[in-house]
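Consider the two complexes below, in which subunit A is the common component and subunit B and subunit C are the respective partners.
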Partner chain A sequence: MPAKRRLAQLVMLAFAVAITMGAYANVGLAMNGEIPSGMLTYGLSLGGLMLAAYLVLAKFAPWADPLILPLVTVINGLGLVMIFRLSESPSKLPSATLASPNSQILWTLVGVVLFSVTLIFMRDHRALQRLTYTAGALGLLLLVSPLTPGLGQELNGARIWIGIPGLGQLQPAEFAKLALVVFFAGYLVAKRDVLALAGRRLLFIDLPRARDLGPVLITWGVSLGILVMQKDLGSSLLLFGTFIVMLYIATQRSSWVIIGILLFVGGALLAGMLFDHVQARFEVYLNPEDPELFKKIGGSEQLMQGLFAMGSGGILGTGLGQGHPELIPLAFSDFIFAATGEELGLTGLMALLMLYALLVERGLRTSLAARDPFSKLLAGGLSFLLAWQVFIIVGGVTNLIPLTGLVTPFMSQGGSALLANWILIALLVRMSDAARRPPPQAIQNEGMTQVFQR
Partner chain B sequence: MSELTLLLIRLAFLAVLWFFVIAAVGVIRTDLFGSRTAPAGPRKGVKPAKPMAKPKSKKGEPRQLIVTGGPLQGTTINLTETPITIGRANDATLVVSDDYASSRHARLFPQDGQWIVEDLGSTNGTYLDRSKVTRPTPVPLGVPIRVGKTVIELRK
Partner chain C sequence: MNGTIKRAAVACLAMFALLMINVNVLQAVNAKDLSDDARNTRNFYERYAVQRGRITTGGKVILAQSKETDSNEFKFVRQYPEAKLYAHVTGFFSPESESGIEHYRNDLLDGSSADLLLQRGIDLFTGEPTRGANVDLTINPKAQQAAYDALRQSGKRGAVVALNPKTGAILAMVSLPTYDPAELSGTNKSQVFSRYDELAKDKNQPLLNRNIDRTYPPGSTFKVVTAAAYLEDDPSRDGQTVVDAPQVLKLPNTTVGLPNYGGAACGSGQVTLVYALERSCNTPFGSMGMDLGYDKMREQTERFGMGVPVSVPMPVAKSDFGPREDQSAVAMASIGQRSNQMTPLQMAMIAAGIANDGTVMKPYLVNKITDAKGDTIDEAEPDELTEAVSSETAGKLRDMMVSVVQNGTANQAQVSGVQVAGKTGTAETAEGQAPHAWFISFAPADDPQIAMAVLVESGAARVGAEATGGGTAAPIARTVMEAVLK
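Coming up: the complex of A and B.
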């Protein structure tokens, strides 16, 4: 029987807040020679927030995994420090003034509130299974909402924003991802037996029957639609990849993965030939060193500056507050990973990736321990979503794959993504609570009584 | 701030960050190496290395599924690691020809040494003893499960 590990969780949480405060102090000491005046405010507000989140978790999901919250705290804290650090250093780039640590900590507050609300009001995540098709419709609606004239807005070449009068902008795609994962989980639980049926056998793979290809083709069409209409390569890849992996979890057939990869590569190549904005991304990916591309607006300057930054960081980094990550355009959002890489070096980046890996591991562990197929699929899908997101953006920043505009979960500045990811964590916590709660003891000798878990 | 102090702070920060990672792994150590509840083995060799590895039929763990009622009465199925489906469909493990059963009626699967029964959205429901199975429920030994007219039980 798993233990609750409440104390371990509290200690790790305090440790996470302490790391964040240490990082603030480090930035201040290195840049101005003194501990920043806001350190105590920042530290205490982060600490208070996380304590509140902990109390909600202890009350409403007592059996939840002890590591999820501390891991998220330290990643979120490091993000806050990096944004604070970037806003401190003067830069000539036009985008530099956009880094605002105060709004980010405000968004963190809203994120923790949403986390608590989700935990308090959703006592049983299996209620989501009843909303399968509602979630699917909602997800699609959110995805296409930026295309509505008047509501949608185009920023930095991607039409993925909707404006809310008086409040600012929101990226509905971030929330659409969650809704769609819920839909995929519910749908696949209902249909997995059919989808697992084998059709013709080709080489070493059992191909699925041709008429079962429908859902895959539809998802493929939708993600290509996002790529073409909204110019959002990241969401497109994220959505399709998650669907394929959930299909694999549900049916255990590797043929789906192969079909998925072939479809996506084919689609991306086709889009690369037909559409300019996709083609431009490929050019940057293949020849980032090209001086002409470097000078071009929207060319490879950002990518190269990120690579330079990580290069100058080396193994041990330049130290917080001592590098020049302000030279990277949009270092506080898409390129926060490169900025962190310059200041913390390979050692720090590896630690950061380990934190993400542990978070994903906890999610997959929840999926393994879950008792019903819907929870298994939902937990597996959500943790894969997180891992895949980190892979796409880190791969893009390090030029392993073409760069796509995705956020680094919990680190990048941006309210929508932070809120959506906090809800994702709340769902994982809720499921791990259900999975780790000890099952009711069946009374064997008194056969008339049956204890049910509610 | 002197260069040396900053260097020390930088190295200390990285060390603390890694210490956090290691501490986190420490918290979930039981996941990776199994829990150390029993004192280190008095009998070596017999003890399984990992508790997660296939448990050698422990006491109280069912080994057989027996049909105790209905047209298929007397049929037994040996329980292995694979899940068992019950229904009218041809690909079910236990095919029942019964108007009251659905084509994919119920499923039994092992988890942590327990067998769990799950209703697969059948029309007439699956009953564990006298209560309807609404969610995956652990099946104790010798408690009848009713699917249509068929009654099955887990035995040692």
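Coming up: the complex of A and C.
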């Protein structure tokens, strides 16, 4: 029977806040020779916030995995520090002027509030299973909302924003992802037997029936739709990949993965032929060092600046506040990983990747331990979503795969992603609480009644 | 479902493993290539991130210093308070390169030298930012200013270099035209580079340090070397030894003879060696050279330091007596013409060698290296370069050179109350160009404090029979000697 380990969680949480505060002080000392003036408020607010989150968790999900919250706290904290560090740079480059640590800490606050609210009000996540199709519709609606005239806004070539008067902008796709994973989980639980069993065997592969291909093709169509209409390669890839993996988990049929990959490759080739920007990304991926591509607008300069930063950081990094991450375009969002790499070096990035890997692993453990198929699929899907997102954006900025814009979870500046990811964590925590909670004890000595444990 | 979840978990691990391997490749394996890429502007900022040491002279006059700025990109910028005056000595510190002392003592100035390893280690622990070492030079500010002003007044291109003959310390080093190092040390790349291109294309070659970067025919100043070889060849000879001085020296294998300057006669045709030097007659020295032969002449020149690689710490261009040809070539080279090519510094070393009883000291510019706290890291130690002549020969040459200033072509170099030894020179260059004016000298003759060479490009006017090197170059030398001695 798993232990609660609440004290261990509190200590780790304090450690996560301490790391963040240490890094924060480090930035101030390195850049201005003094501890940042807002250090106390900053430390108290982050510490207080996390203590509140801990208390909510301890009260409403006492059996939850003790590692998840501290891991998220330290990643979120490092993101805050990097954004603060960029904003402190006296440079006039957009990466310095557009970094806004205050709004990011505000969004973190709202994120933790949403986390708590989710935990408090959603006592049983299986309620979501009843909302399968509602979630699906909501997800699609959110996805297409930026295309609504007057509401949607185009930024950096991607039409993925909606403007809310008085509130600023939101990226509905971030929330759509959650809704769609809920939908996938619910739908697959209902249909998995059909998808898993029907079909025939061809060359060692169990092929599904043609009519069961429907949902896959629809998701594929939606993903391509996002790509075409919103020019958002990252979200398209993220959604489709997550769906395929969930399909595989649910049906245990590797043919789905093969079909999925074939569909993806076909779609990517098609997109490459139809759209210049997809092709351009691919050219940059193959030859980032090419001087011609480097000079071209929308060419490889952005990517190379990130790689230069990481190369200059080397193994130990320059130290916080002592590099020039402001030279990387979008250092506070898509390229925050490269910016971190410059100042914290290979050492820091390995630690950061380890933190993400641990977080994903804790999520997958929740999935393994979960007692019902819906929870398993939802936890597995959300964990994979997180891992896949880290892979796409980090792989992109390190030129492991072609670069597609996505936020780095919990680090990139931007409210929508932060809020959505905090809700994702709340769901994982809720499910891990359910999974680790001991089953109701059988009542002993009740006459002759025998209780069998299934 | 647990089986497939586990496989998905393995896939996730594999993705993280790929990311980690890729980050290792980037930041460990390829890090150097990426950080050294010319398009990575961090290297450019890195140049300005360290507080470079100061370049001073005489321990107090600041020639170059790094000033802290408010900018994040360029934390320290280089300043040259003396502007053009020391340009060829300090050099510049441009966005991508540097020259002069800035270049040849770069590792000390930027603190990367192994000599500063200990200090860097201490800085690491105390949290002090690394600062470069300070370089103190041997230049005498008064001599430098006097040389600069006097040469500038001539309105010509030229070079002035002065040494302490006893140590080899360089007391003045001026080359005109010059430039302002500040213009080449800014942080605005395009501005610096376009200014550099402009200077590099200028036909007057302001970037050239004429003292050490190129050679000139030394003209009659070289006659002291010929005289040295002649005296060394037979210790019984001295200034009163009578030598042949025809109006025109017959050269073998040619129809043209070697005349004296302006075709003039030299005394009665039989003159003392000192008279020949005073009047700077060509024929006796051409004849002496031919009698001594190529090997002895070349050997004597080498004993004055020619051919010995010298860095001050800037490398000095190679001087050369000329290739082995026929006798007439030896005669021409013995009066400093033909293929005889000397740097002004080499000529100053010849004067210094005679001044220092025949021993040529190794010339140097760097007096002392101190770390940021002022502790001495390294101090110059005077070093002998070559043994040019015996001290007897040196004494004879000194007396003759004193006589040149008192009675001969170099009377404009006289300094009241001080015995000056010197020799003028007028070097023929290309047809149709005015010859270069030369003057080498040292003073005071009995206890030399300064030895120097002055070169004024195309500075000799073709007037009359007088060797006119004395007219333009000697007064410049006088001003510098006065500045040092008074």
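Here is the rule we go by: the second predicted complex is superposed on the first by the 437 of 454 C-alpha atoms of A that agree within 3 Å, B and C clash if a C-alpha of one lies under 4 Å from a C-alpha of the other, contacts with A are read in each partner's own complex, and residues count from 1 in each chain.
Convention: contacts are C-beta pairs under 8 Å (C-beta built on N, C-alpha and C of every residue); 3 or more make two chains touch, one makes a residue touch a chain.
Quick caveat, the model's predicted, so the values are computed rather than measured.
Trainee: Look at A:Gly341 in the shared chain and tell me whether it touches subunit B only, subunit C only, both, or neither; answer first, second, both or neither.
Mentor: second
Trainee: Quick check for you: in the superposed arrangement, does A:Pro329 touch first (subunit B), second (subunit C), both or neither?
Mentor: Touch partners of A:Pro329: none, neither subunit B nor subunit C.
Trainee: Touch test for A:Gly319: subunit B only (first), subunit C only (second), both, or neither?
Mentor: After superposing on A, A:Gly319 lies in contact with subunit B but is clear of subunit C.
Trainee: In the overlaid three-chain picture, which partner chain does A:Leu71 touch, first (subunit B) or second (subunit C), both, or neither?
Mentor: Touch status of A:Leu71: first partner only.
Trainee: For A:Leu355, using the defined touch cut-off, is the partner it touches subunit B, subunit C, both, or neither? Pick first, second, both or neither.
Mentor: After superposing on A, A:Leu355 lies in contact with subunit B but is clear of subunit C.
Trainee: Touch test for A:Trp388: subunit B only (first), subunit C only (second), both, or neither?
Mentor: The second partner, subunit C, only.
Trainee: Examine A:Ala30 and indicate which partner it touches, taking first as subunit B and second as subunit C; both and neither are also allowed.
Mentor: first
Trainee: Now for A:Gly22: first (subunit B), second (subunit C), both, or neither, which partner does it touch?
Mentor: A:Gly22 contacts subunit B only, not subunit C.
Trainee: Would you sort A:Pro146 into first (subunit B), second (subunit C), both or neither based on which partner it touches?
Mentor: Neither partner.
Trainee: In the superposed view, which residues of subunit A touch subunit B and also subunit C?
Mentor: The overlap between the subunit B and subunit C interfaces on subunit A comprises residues 345, 361, 373.
Trainee: Sort out for me which residues of subunit C touch subunit A in the complex.
Mentor: Residues 1-9, 11-13, 15-16, 18-20, 22-24, 26-28, 30-35, 37, 39-42, 45, 70-73.
Trainee: For the complex, give me every residue of subunit B touching subunit A.
Mentor: Contacts found on subunit B: 1, 5-7, 9-11, 13-14, 16-18, 20-21, 23-25, 27-28, 31, 104, 111, 114, 116, 118, 128-131, 135-143.
Trainee: Please output the residues of subunit A touching subunit C within their complex, sorted ascending.
Mentor: 89-91, 245, 248-250, 252, 294, 304, 307-315, 323-324, 326-327, 341, 345-346, 349-350, 353, 356-357, 360-361, 364, 367-368, 373, 376-377, 380, 383-384, 387-388, 390-391, 394-395, 398-400
Trainee: Help me check something: in the complex, which residues belonging to subunit A touch subunit B?
Mentor: Those residues of subunit A that touch subunit B are 5, 8, 12, 15-16, 19, 22-23, 26, 29-30, 33, 66-67, 70-71, 74, 126, 193, 316-317, 319-320, 322, 344-345, 347-348, 351-352, 354-355, 358, 361-362, 365, 371-373, 439-440, 442-444, 447-448, 450, 452-453.
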